[in-house]
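Should a chain be cited, it is by its letter among A, B, C and D, assigned in written order, with residues numbered from 1 in that chain.
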Amino acid sequence: MGITPNSELRTPNLSVDIAGLKLKNPVMTASGTFGYGEEYSEFLDLNRLGAIVVKGLSITPRQGNPTPRIVETPAGMLNAIGLQNIGVKAFIKDKLPFLRQFNTPVIANFFGDSIDEYIHAAEVLSNAEGVHALEMNISCPNKQAGWIVFGTDPKTMEHVVTAVRKTTDLPLIVKLSPNVTDIGLTAKVAENAGADAISLINTITGMVVDVKKRRPVLANNTGGLSGPAVRPIAVRMVWEVYKAVKIPIIGMGGIMAANDALEFLIAGARAVAVGTANFINPTATIEIIEGLEKFLIEEGLSDINEIIGSLKA
Amino acid sequence: MSKYFKAKTVDNISLNKHFRLLNLSPLSDIDIPQPGQFYMLQAGDTYDPLLKRPFSIFRHEDNSLSFLYRIRGKGTLSLSHLKSGDIINAIGPLGNSYPEPHGDFIALAGGIGIASLLHLLARFKNKAHLFYGARNKEELVMLNEAKALSKESFITTDDGSEGEKGLITDSLMKFFNSLPITHYPLPLYACGPTPMLRELSKVVAGKDIKCYVSLEEHMACGVGACLGCVIKTVSGNKRVCKEGPVFDIKDIIWE
Amino acid sequence: MGITPNSELRTPNLSVDIAGLKLKNPVMTASGTFGYGEEYSEFLDLNRLGAIVVKGLSITPRQGNPTPRIVETPAGMLNAIGLQNIGVKAFIKDKLPFLRQFNTPVIANFFGDSIDEYIHAAEVLSNAEGVHALEMNISCPNKQAGWIVFGTDPKTMEHVVTAVRKTTDLPLIVKLSPNVTDIGLTAKVAENAGADAISLINTITGMVVDVKKRRPVLANNTGGLSGPAVRPIAVRMVWEVYKAVKIPIIGMGGIMAANDALEFLIAGARAVAVGTANFINPTATIEIIEGLEKFLIEEGLSDINEIIGSLKA
Amino acid sequence: MSKYFKAKTVDNISLNKHFRLLNLSPLSDIDIPQPGQFYMLQAGDTYDPLLKRPFSIFRHEDNSLSFLYRIRGKGTLSLSHLKSGDIINAIGPLGNSYPEPHGDFIALAGGIGIASLLHLLARFKNKAHLFYGARNKEELVMLNEAKALSKESFITTDDGSEGEKGLITDSLMKFFNSLPITHYPLPLYACGPTPMLRELSKVVAGKDIKCYVSLEEHMACGVGACLGCVIKTVSGNKRVCKEGPVFDIKDIIWE
């Protein structure tokens, strides 16, 4: 398949740069689907990952929602974990030491119920040894301001991103909610408020009804849709964001295989995150990394950066 | 030796309208499963159904794994289509296991709950006082096998089509009352529908008896990463797939 | 399964009322997936349908987009037909006579590039014998006002719905775009502007990339996602709209079987539309109607209206 | 007699790495398919893949339908998993057909395009001047069958691994040039990749010859309802699944 001898010889460059953070390859884990790295370390070598994004953290521990928290949908799943987590302090004390053993950057995903909670979590995480970047999950309601979801209201979003930007020198990734009319606009707001990078998409709100019980299947009624079902929406949104901002993009949403990751990279993502796929195939990330290299060789390309944003549309 | 492996379908035997026995032969070396552990299984590589489903290890012989399952929805239906020679993806063995009984023990099975307990009965033959209940005769799958491996057995069905008519937890209660108090504590191992287990928690309440139950929750990852399968315990949230599926009934906070 | 003898005897009532329009059952076809009724008439008896919603019409004929117009996605499909249609006049002359043979209400779906086009199409269709209701597709850009999609901008939407409301006495169904932050709000705007009913969801914008060609698969780059993949999103949106407005709702999005239709009805839809499912199973609508009746009998219910909006959440 | 029917898999023969021959026996009475018509086929009832895929009728005997297909992606891959006895859903026969030739005719097949033309060759034995080209020997599926049904045959492969090295449209061109002008017009029937058909349109341009081509487009419904499969013609948009798949080459506007 058009493999020229010498392109077979040299292995192509897979490393990318996200706001000064050098990744050995563009494949990271999606927050909340990879725990704090431990669970999957028996299935794959964490050193091979581009980055590890940990489960969303808050300033204080969270118990999350009652069960059922999970329900399957066609080519997807809804989750309503309710952001259960051990809190930033326990994370730094009990989980970071394990992650520091690997030469893979750790990105701490965090969130809050209020701007103050965001600021505090960001401060604590910024001072922790072994946290290389912060990913802000703004798909949560602002309990102080009438439960408006930070990520769906430009003003609220601008405030919280600006505030966090002031409190950290780490690369700041803002993770967008897809539940908006104009994703390019929200990305622009984040960029102007000081984000170093954009990641998307977070899950899309959905519901499944148990028709005999006349009840939503999830105890929380609604949950977040992820998996292959959302991929075409996610790829479209990454492309719109790529046209709207200059900062790098981390694309995710239904990436199951290398070909899916390539769709995101070509549409403008400089890196990708793999989420739901880990549940079905614990070695999905590794297979995707190998698949990207294979693709570059077959296409006779020497550097992954050559295809980023290469979409002819 | 990885817990994520491919296995070849040896056969997929139909026991009756609802139940199947799936025999797999792993294509690579695997860890040895303990009674109470489970595997995440999936037939084919379509994205619908997307997620693997959890199934208790029913039998393990040198290089074969057996699973007893009941057809419920998409996932188990697609499993039921497996033909000899088909390759499937599996993750396991996962979770903890039933603590070893020393001497006699009580096994309480509700319906398909027998799947995880039969492995225990086989490992410790003629030590079990078996209590096995189901909706009806047809749902009492593997009844003879279970009886044969047990010291004595008490059977109930909701409709009386086999054994006594009534709830299995009631006959357990009778059993307890018949015992001279000194005869406690035999350890008790239970697997079955949540209502049965909740009922059990009342039966054993106050009694000085070690009681282990295997719980079910919807699962996505099966390995502890997604936090989809948590239950409330006296020491906070626990993951059924990781700290469980076997829990000391006294630790569980029923909702 | 809990069938009491007498509930077996009397067949339950399936008929529902949408803004004065009486439907013998709540199952209609989704616009654009059933042509003008002819193609599927050899597969099923059109008299059995609750209503027939025809392919979107414009005041003048449209050629639509170049091909590929269709690409499959996990449990879904993208379409970029580009609203190809024969125009209102040819519809009335060549297609309506065929549809008038059946005692099934015909709902004319229509759209425009400008408020004027909407008004003209609505006028012509309202005077045609055999058109029983109008469904306004507002998921199209307003070419006079900088290509803002009518359905994603409350102001633009209010204007066009108000204008059309003035021009027709037929029941006016406004079909919402799901590509918005707050579907309840847009529904409210439509209600206040005079809509008699709301239908949702239209397709969600998505993209699939051909990684070897570095091109979107669709000639139009993006297309609209439909099919089972979108169902959890659609059910959630119907529930949100049900809580926001008083007018009846027609729910759609990934309905393949009776159980899916029930999810929508329980979440608050008074009727449902079947789209993509027709392509996979030309008799899907009939099987769904029969499945609804079976469900009511099994549940010992005598009237479909008892389950509409019965969600305990 | 409905065009939407279930059929049982008789067998699903692997011809080589890429090609399969699927033999179906419909479970209900069906319409008789004409050469050039097609069916929408789908294996299983998963939603992934979701849509049926179009396949030309390859052979029809009293109560059996045969399809020759090449494995490309998800849909054809899932077809290739069909085992004897499996039930599948089908819609058809759909679309128009090749107008009947009266006497000799030319058949131009590119690769899997042979699937739809072989039915024509079989219906009108020893009348065809066959032109059959493909990438290589392996892609010249059903070559002997096609030759046996034809009066004479011209074979080409891109790599020369079978027949002449070169494009089949070139040898067609040679053939035309060799003919005394009076020998026109034999009707020409062509099926194959779009580039070949576009090339053909140049070859026949200006010649007084009836030329019918079978086209391909992505399809969703296959029955004319979705407008997904349109092509541009001198008389406006036409649906490949309804007004086609067979068109007079002179009517097509190539893009």
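The criterion applied here is as follows: contacts are C-beta pairs under 8 Å (C-beta built on N, C-alpha and C of every residue); 3 or more make two chains touch, one makes a residue touch a chain.
Nothing here was measured: the structure is a model prediction, and the numbers come from that model.
Give me the set of chains touching chain A intersected with the set touching chain D.
B, C
As a test of understanding: of all chains, whose mean C-alpha position lies farthest from that of chain B?
So the farthest one, by centre of C-alpha atoms, is D.
Centroid from C-alpha atoms only, then distance chain A to chain C, rounded to Å. What do you get?
Roughly 34 Å, centre to centre.
Just the number, please: Cα centre separation of chain B and chain C in whole Å.
46
Name the residues of chain A that each touch 2 or more other chains.
74-76, 227-229
For chain D, jot down the residues that touch at least 2 other chains.
Touching at least two other chains: 47-49.
Among line, ring, star, complete and other, which best matches the way these chains touch?
Topology of the interface graph: complete, with all chain pairs in contact.
Tell me, which parts of chain C touch chain D in their complex?
Touching chain D: residues 32-35, 39-40, 42-43, 55, 63-64, 66-72, 74-77, 79, 81, 84, 227-229, 256, 276, 278-283 of chain C.
Where on chain D is chain C touching in the complex?
Touching chain C: residues 2-4, 42, 47-52, 74-75, 89, 91, 217-231, 236-237, 242, 255 of chain D.
Touching residues of chain A toward chain C in the complex: what are they?
Going through chain A, the ones touching chain C are 73-76, 78, 152, 179-182, 204-209, 211-216, 221-222, 225, 227-233, 235-236, 239, 254, 259, 262-263, 266-267, 295, 299, 307, 310-313.
For a test of understanding, state which residues of chain B touch chain D in their complex under the given definition.
By the definition above, chain B touches chain D via 44, 46-49, 78, 83.
Which positions of chain C touch chain B when the two form their complex?
Residue positions touching the partner: 74-75, 228.
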